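Here's a structure for you.
Chain nomenclature is as follows: A, B and C, assigned in order of appearance, with residue numbering initiated at 1 for each chain independently.
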Amino acid sequence: MRLLLAVLVLVLFPATASATVEVTMSESRIAGAVGQYLNISSTVTNTGSSPTGKLIAHLNVASSNGVYVDLEDWTAAPTQSLPALGPGESTEVSWDVQAVNAGVFNVYAVVLPDGSASLSVSPPIHLEVAGRRTLSAGGALPIALIVPLLLGIVVYAVRRRLRTTT
Amino acid sequence: MSARVIAGQECRDLWLSGRGPVLTFVYSVLLSAVTYLAATNRILNFLEQRESVNLVLQIAVAVGVLLTLVVAADAISGERERGTLESLLLTPVSRGSIVLGKLVAAMSLWGAAFVVALPYLWVLGKGVAVVGKAVLLALVVGTVLALSMAAVGLLISARSSTNKVSLAASLFLLLALFAPTQLPAMSKSSVGDLLVRINPVTAGIHYIGLVLVKGHTWAQDLSYLISPVVAVVVAAVALALAGPRIVRLTGGVGSG
Amino acid sequence: MPGVTLEARELSKWFGSRTAVDSVSFTAYEGEVIGLLGPNGAGKTTTIRMLSTVLPPTGGDFTVAGVPSSQPAGIRARIGVLPESAGYPMFQTGLEYLTYHGRLFGLSRDEARQTAVRLLGQVGLADRAQSRIATYSRGMRQRLGIARALVNNPSVVFLDEPTLGLDPAGQREILTLVRMIAEARGTTVVLSTHTLPEVEQVCSSVLILNEGKVVVSGSVAEVTSTEAASRQSGRLRVPPEEVPRAAEVLRRLPGVSVEVSKDVLTVTSADGMNSMLSAVLDAGIVLLSFEVDGARLSDAFLAMTRGGTS
C-alpha cells in the first residue's frame, strides 16, 4: 500500500518543490548473485533551515530489463520511520535486501516528509544480480569424509595406547 | 606456574585418556553431516552459499561451546565424586590456580573444535570469499562465548552437590540461552531486538549472521557484541573472586 | 624433649546444628605415632580434615609444623595426608600420578620424577610404576596414596584409616610402612583407625574420640592402665537351666559383676577370668563356651566410648 502511495505521490508531484531533505546512497553500483543479501545504507540530511517533522524512508527496487519485482520478497521492511531532523542534522538508515532475481535493477530510497512538504529521492544504485552460483557438493564431500576419518584414527590410536599400557 | 602444571595434567587427562578425542570426533561427524546437507540441498531454494557458511558456523560455535561447557561442568564436581579432589586440595597450590588450570583445560576443547571447524568453513566459504570473515567470526564470537560458558560451568560445578546436578544445570542454562536463536526474526520488533541483544548467545549468533549473510560491515552492528563481552568479563571476574572460595571438598549450598 | 610438631587448641566443627568435633585439644611430638580412635562418626575424619586445612574449623586454632592455621598453604606444604577413601585418576600410571603431585608441591620435573621413583620403590610398587592405577589392587592403591602423602617430605603425616579393607598381610605391610615413616624420617604420624591391635603395634600414644570429644589421651601404656581398661570381661555360656546357679556362684566372688541375658553371662572382673572359670567348674556346671575380650586397649576403647565404666 505504502509503496503504491509513494509511487503515486512521486508521479503526481515531480520534484518541483524546494526539497529540504536530501537523501544519498552509500554506493552507486553493486554487483551480487541471486540469493545474496546486500546491506544498503543511505544518509538523510535536513538541508533546509527549519526542522522537519517525523520522516518515513522507503526503499524501492525497479527492474531495468522488465524482470518482475515483488518488493516484499526483496526486503521484509522496505519502509522505516526516521526521527525528526533539525536544520543541518542527518541520520543513517539501512535496509537488508536479498537479491531475489537475476537481472539489472535500480535501487533508490524515497523520504516522505510529514505533512505537505515534498518528497526527496535518492540517486539510484545500479544493481547487477548474476545468476545463481551453484555450490559444488563435490568440493564439500571430501572434507566431510576426511576430517571425521582423521579424527577417528586419532581416537583409535589413543584408545589403543590406553589398552596396551596396563 | 602451578596453574600451568595443573592445566598440563588436565589437558593430558582430557586428550590422552579422557573424552577429548571422542567428543571432537562426534563433533566432526556432526559438522560433516551439516556441511554435506548444506552443500547438496537444492530443495531449500534460498539456501545461498553464505547462508550455508552461516549455518555451519553457528552449529560449530553452538556445539563447540556445548562441549566446552560439558568439560567445565565436570571439572570440580566430577573430581569430588571420584574422590580425587581432596588430594588436589591438599597441595599448597592456590584454589585460584586450580580453577585457572581447569579453565584452560576446558578451553582446550573449544580450541580443538575451532580447528576442526576450519576445513568446513573453508570448503563452503571459498566460493563466495567469506572464509576469512567466517574464521574471524568463529574465533572472536566463539571464543568469547566458550570462555564465558566455561567460567559459568566451573562455577556451577564448584557449587553443585553432585556431578549430575552440575551437568544438568549447565545443559539447562545452555539450552535456555541457545533456544531463542531458533526463533524466527526476533529482532523485528524492538522488544525482540532487546531480548536478542541481552542474551549473549543470541546476540553473538545474530552478529555473525549480520556480518556473514546480510553483508553488514564489522563496525555497523558492533553493539551486538556488548552483551557477549560483558558476559565474559562478568563470568571471569565472578570466577576469579568466588572460585577460590567455592572450590571446596563438599559442594552444595550452605555446607561446611 | 623432642619438638612439638602438632598442636590443636579447642578445635570445633559444626555441620549446621550437628557437632562433629567439640573442643578437641592435643599436642604431638616429632617421631610420634598417634592413634586416633573412635567409633563411626566420632569426628576422626573431620579432625584430620581441619588439621590438613581442607575444612575450615568453626572454632579453635592449631599449629602444624610450626605454621599457624592462618597460613593454610604453608601448612599444606609441610604435611602429607592419606584421605579417607581417597579416589585416584584411574588412567594415570602410578609414576605419572606421583610425579604430578610432586610438581604440585613445587618440585621441578626431574626432581618430581626422581622422588616418584624412589617412593614407589619404598612402598613396594616399583614393578607396577608404569601400570595404570585402574589395574592396582586396593592395597596397592593405599600404598600409592601413602607414597603420595610423602612426596613433599612432610614433617607431619595424617593417615585416615590406611588399612581399611585390606587383608592381614596388606595391613601388616601398611603398618610396617607407617613405622618406617616415623622412625626413619622422624615424622609425626597421626593414624586414624578402628583396628585396635594396629594401634597397640605401632602407636606411641592414643587419642580416643567419642561424639566429637576427646575421651582420653596419652601413651598406650597410660590409657590401658586406667581403671576401666584393667578390668577384664568375657562371656560364658552354660546350659539354660544352670544360668541362675552360675550367676549366683559368680556373684559370690569379690569384685565381679555379672549381667545375664538368656543363657549368656557377661562378667567383668578386676583380676582376670581364671578364678571365675574355676569357680563355675568347681560348682559342677557344664561350661558350653567362653570368650574373653582380648586386647586390653579395646576394653578401654569400648568402656570409654560407650559412655561409662561399668
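Operating definition for what follows: a residue touches a chain if its C-beta (ideal position, glycine included) is under 8 Å from a C-beta of that chain, and two chains touch if they have at least 3 such contacts.
As the structure is a computational prediction, the values presented were derived from the model and not from experiment.
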Chain at maximum distance from chain B, centres defined as averaged CA atoms: C
Pair sharing more residue contacts (C-beta pairs) when A-B is set against B-C: A-B
Computed distance of Cα centres, chain C from chain A, in Å: 79
Gap in Å, rounded to a whole number, between the CA centres of chain B and chain A: 32
CA centroid of chain B to CA centroid of chain C, Å: 48
Where chain C touches two or more other chains, by residue: 91
Where chain A touches two or more other chains at once, by residue number: 162
For chain B, residues contacting two or more additional chains: 16-17
Chain B to chain C touching residues, read off their complex: 2, 5-6, 9, 13, 16-18, 82-84, 86-94, 248-249, 254-256
Chain C to chain B touching residues, read off their complex: 13, 15-16, 49, 52, 54-56, 73-74, 76-77, 79, 81, 83, 85-89, 91-92, 100-101, 103-106, 148
Chain B residues touching chain A - in the complex, by the definition given at the top: 15-17, 21-22, 24-25, 28-29, 31-33, 35-36, 38-40, 42, 46-52, 116, 119-120, 122-124, 126-128, 185, 188, 213-217, 220
Interfacial residue positions of chain A with respect to chain B in the complex: 33-39, 76-77, 94, 96, 98, 133-137, 139-141, 143-148, 151-152, 154-155, 158, 161-162
